[in-house]
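These notes concern the structure reproduced below.
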Amino acid sequence: MSSTWNNNITFSVFGESHGPAIGVCIDNVPPGETLDMDKLMQFMARRAPKKDKTSTQRREKDMPQIMSGFFNGKTTGTPLCALIQNTDQHSQDYSNLSKLARPGHADYTGALRYRGFNDQRGGGHFSGRLTAPLCFAGAVAGQILEKRGIYIGAHISEIHKIKDDSFDPIRTSRDDIISLSEKEFPTISDAKGRRMVADIEKARMNQDSVGGVIECIAINVPAGIGSPIFDGLENSIAQLIFGIPAVKGLEFGAGFNSAKMLGSENNDEFYVNENGHVVTRTNFHGGILGGISSGMPITLRVAFKPTPSISRPQQTVDYSAMKNETLVIKGRHDPCVVPRAVPCVEAAVNIAVLNHMLQYPNF
Amino acid sequence: MSSTWNNNITFSVFGESHGPAIGVCIDNVPPGETLDMDKLMQFMARRAPKKDKTSTQRREKDMPQIMSGFFNGKTTGTPLCALIQNTDQHSQDYSNLSKLARPGHADYTGALRYRGFNDQRGGGHFSGRLTAPLCFAGAVAGQILEKRGIYIGAHISEIHKIKDDSFDPIRTSRDDIISLSEKEFPTISDAKGRRMVADIEKARMNQDSVGGVIECIAINVPAGIGSPIFDGLENSIAQLIFGIPAVKGLEFGAGFNSAKMLGSENNDEFYVNENGHVVTRTNFHGGILGGISSGMPITLRVAFKPTPSISRPQQTVDYSAMKNETLVIKGRHDPCVVPRAVPCVEAAVNIAVLNHMLQYPNF
Amino acid sequence: MSSTWNNNITFSVFGESHGPAIGVCIDNVPPGETLDMDKLMQFMARRAPKKDKTSTQRREKDMPQIMSGFFNGKTTGTPLCALIQNTDQHSQDYSNLSKLARPGHADYTGALRYRGFNDQRGGGHFSGRLTAPLCFAGAVAGQILEKRGIYIGAHISEIHKIKDDSFDPIRTSRDDIISLSEKEFPTISDAKGRRMVADIEKARMNQDSVGGVIECIAINVPAGIGSPIFDGLENSIAQLIFGIPAVKGLEFGAGFNSAKMLGSENNDEFYVNENGHVVTRTNFHGGILGGISSGMPITLRVAFKPTPSISRPQQTVDYSAMKNETLVIKGRHDPCVVPRAVPCVEAAVNIAVLNHMLQYPNF
Amino acid sequence: MSSTWNNNITFSVFGESHGPAIGVCIDNVPPGETLDMDKLMQFMARRAPKKDKTSTQRREKDMPQIMSGFFNGKTTGTPLCALIQNTDQHSQDYSNLSKLARPGHADYTGALRYRGFNDQRGGGHFSGRLTAPLCFAGAVAGQILEKRGIYIGAHISEIHKIKDDSFDPIRTSRDDIISLSEKEFPTISDAKGRRMVADIEKARMNQDSVGGVIECIAINVPAGIGSPIFDGLENSIAQLIFGIPAVKGLEFGAGFNSAKMLGSENNDEFYVNENGHVVTRTNFHGGILGGISSGMPITLRVAFKPTPSISRPQQTVDYSAMKNETLVIKGRHDPCVVPRAVPCVEAAVNIAVLNHMLQYPNF
């Protein structure tokens, strides 16, 4: 199913960028969980267009209305459906896109898949706007996890060729995570963040865009969560992360670097720590072994391509007439999707972790 | 479900390294497909332990016996089950592993997940041996795809710090793919392959191991295959690829490099080619846009960590007694899993592509 | 998942009787299907409370608002979400139900399942009102099937001890089905229908309620649709039918009567008819053999218990205080749910048949 | 998927009547459960052909070989696969069936579904023999449930027009269930059982067959198990029960009789019993309300049509030549499948109940 994720938790994302509303229906949320709606709105606001120049000028309140599954301030256990009205569409801006395939977008592939019947205004169901319902679901999952002491956070690890510092894969704390979530531009090093902001602005001035990498960490996930082979934590996280538009790569722990290492370097030796817990001295495995959490922080990095919507003229095809054309994209677009994608990555990991937590008796 | 993949095709992998047999049950294979059993055995032989020194000295025939779903030389459409007997176990070699967590393995996490009841001999259900049934399923899928002109192949792209040449993301041909599949050590450049073999041998002599990267390509996948959000080609491939032990990263097209690029560099411009087909001049998108095939070759790279089983003494814990211990791993192990993982990566992609092909009327 | 049906079509029903809205999200509707909204509203109106005395006095417009998946008068192929606002709740009528388990209702079992956190006003997620989104999905499926010549209809076969005539299992026509759908009280024999109406009214006057049976038929379903064992037409229909509140039994073809027959009576002999089609002389098998359609009409009967909400005083428990109490149910309730359940049964069969049709190349 | 059931437990049934083997792969069996193999064989022996004249003369040991998921006498938690070799095929008996559709069988519908490629010998994948792996899975589930005090049993409730007594829906005990499971011909009244045996023998002498009804009960299922709408106990049981060949109807509690009742008769009043438990005075609801267990015994009845294989000449079609023919079925067949279907019904209910038990923290 294109837009349904079916595991211990099932959730369906629906809607099109310029339709009446987008939303999400989540099945198997545990009952009796309080939701702090202010905190939920703060989470979603991190995904919403920024007021500065790093992102699109489009403004949306992105105010989710809960239709079901929430009663007297708590989840009911029955399906939780939230709706986000679309209120600020400028549909006319997209009028010349109807037949011209925007390079790097799903216009052409989507038209083939749906035989031309899909709503292509603003990307339709393929729009990055569909990450808003993902963030709603992720915010709910995150609040449930935080009550169990599990914190999941992310930062902008790279923009173009500028790198931020990395999470400490052993000692990153709850406070580190909360502090990042409160930053307007979430980098560990503020100085590097400022260089990134300048680089994004430079791309915007050049009618261009830049890509980047987001690093995510999950702390205090109990050991023993997940399953081997096709239902491990990596598989679930991967299936959700590749649901975020523009993602081109994903790695856990040392990731692609582990391919350059010797076994004697990459193996994380176990020891019993001062609290009597089994831990590892290093964390190249990224907190997951055999699809199952080891109790060490779960670490992952997600690569995003540059925003495909750039305002420079581009060569492309009119796929209805099957002829070559020049395209000039109007409308408002982020010169870099990475800052707004930070909560999306967190949301995907929140959902995957909660999903596997539900399977265990001690939840 | 830990070991079941449920999509248009459902398949379940079962078995433990030292149990009576391992195998696979595949549901929804199309009926009436001929299977060339010699070719199928050749595919599986590429995963089997090699006779040279790059891999484990354990020998298994890995001869799949088809139990169902195959009649008069053709698939029946009903579940296809194949069994591979385990015939060459040396269980005593693993006797001291019962309580010592091998670093980089799932011994500890698996014991927690299954409360100590899982068969841990040789890794049990977490063993790399479970990729044999994956390869069986992948070989079946591959033969069905090849009849539709779709070819999927892979090569060793990196070992430790040595890099092979890359697939041409536009012009890689059926012959290129077949030629690679016939090589003992599948690299594009034989010279670089020899350097890799030497490096692996050096690691083995040092009681160490090395990791690497596999690059895979799928050509002639028709445009319009896949779905947005959670059921795209990337999601399906990712869910299967992360089912292969030791995988730590996955990228499509330009992958992590796209994060370093400008939009104007990374966007693949469309044009109508001399045959009247919509194609792109470059292929940084790796043949997938919005989860759906563009008709360009699908390209991906998979990072493998070094084999965690090394014969050097390692510090670890006895997790039953919760105390620190020194571990010496006996038994026979690959100093590098990457050469044998090449058909596993192909198998995962074969299954994912066939899975999405089945959804389309023109299959 | 409690409220998600996951097959070729996935759909999720959400909402509570007295929450802001109820609705449905349907994934994998084929693209490019026109929907006649007037006809869709007529279908849903058959489920809505009647103006006569056979049903509850509660009035709801039950006007579905389509949020996504529908563009320019056609389905897009992306998820189709429809919302139905709840506008006419009288929540105070249910105030004394908070702790008293209504006999025959899910108050007690639901409170256990959701640890008391579910919204119990008016039955909450267990309310018969949740059949409105089912009917929306069924109406959509029905329109898609009718364009392929497949017609599905139902009538009230029994109320209390009064029986209607039966569908002709061989010769029931499209006109028979359309004619029934236009009746206020859909029986084949109007005389028997009038007796049923009188019986329902009598129950209402006695502060009581009655049950009944609905018979459903699907004509022109092509032979070869469905699958053996767990994914046959019977399995799918059963899983959906038992999702309608108050259903206690389901039979196909001769059903429970076939248990009383000899093989020589019950076997439906095949012959090639004058049009060169394989058909059967009798239709005790109800159009399904081995889970797969035979091309003969699909016939089924669904048993409904009497409405559990009756206004007579009943003995029950206060399950929060764990003591015995007397309950008097106020509010407005149908003395018989069967008339309004007729389109619900059709909806379930529509969805199941479309679901299996999607799997076939010639759809 | 035709032969995969995917819920909290996933299991796949595979094989054909005359192929090398049939079997089952069960995913998500809880780890650490002891299995009594003698008891498991006794369960399966109840399904195996009887030595008397009520069933087919074909003899099979039906000895399941466990391939995985079972170690040191306990389940491991990883997939449990069992294989049953086919050893006693008389394939030549079926030689004339290749093109003639046996009335009441899936020969014709199966050939359409699988475009003629399915193995049709002895019914192939549609054979009643495929209930052996179902029984294996059910026997495993049953042993796990019995350790939690849950007992599930069934008896022959009707054969042709002869009725057995019914289970007491309130007071049926563990001993009643065990005693039935030990009977060669499981009826509550031995006298009625003897009349049934005579009736079956009479049908056999007349080259005919008879149908019947099986009643099943599950005691001590805790209240609160199951979910509303599509994932209730009724839905799960129904999906599995309709996977047993020849089933034509299913009812819970008062079932079709409830359609004849008044609400005041059918409603089961709750009270707090002497042990402080919430129970009902009557059990017309059959232990399930809103898809969720009430704590009362779960009761259901399953209708089976007469064995379609009868040795009298029958009119049918040769569907390859599309002409009318006369068929004489040779081979050995049960004049009544009902006695051997008793453990199959229990198996389906065992699996459904265990499946929903797994979702609960107190399992």
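When the chains are written out, they are named A, B, C and D in that same order, and each has its own residue count from 1.
Methods note: a residue touches a chain if its C-beta (ideal position, glycine included) is under 8 Å from a C-beta of that chain, and two chains touch if they have at least 3 such contacts.
Just so it is clear, the model here is predicted, and its values are computed rather than measured.
The equivalent interface to A-C, defined as the listed pair sharing over half of its contact pairs by residue number with it, is B-D out of B-D, A-B or C-D.
Across the two candidate interfaces, B-D and C-D, the one carrying more C-beta contacts is C-D. Put simply, the C-alpha centre of chain A and that of chain D have 46 angstrom between them.
With centres set at the average Cα position, the gap from chain C to chain D is 26 Å.
If you average the CA atoms of chain B and of chain D, the two centres end up 39 Å from each other.
Residue positions of chain B touching 2 or more other chains: 1-4, 6, 13, 78, 113, 125, 228.
The residues of chain B lying in touch with chain D in their complex are 1-4, 6, 10, 12-16, 19-23, 25, 27-28, 31-32, 65-69, 71, 74-81, 83, 113-119, 124-125.
Chain B makes touch with chain A in their complex at residues 1-6, 13, 101, 103-106, 108-110, 112-113, 125-126, 130, 158, 160-161, 203, 208-213, 223-232, 234-235, 238-243, 245, 247-256, 258-272, 276, 278, 280, 284-286, 288-294, 303-310, 312, 314-317, 319, 322-324.
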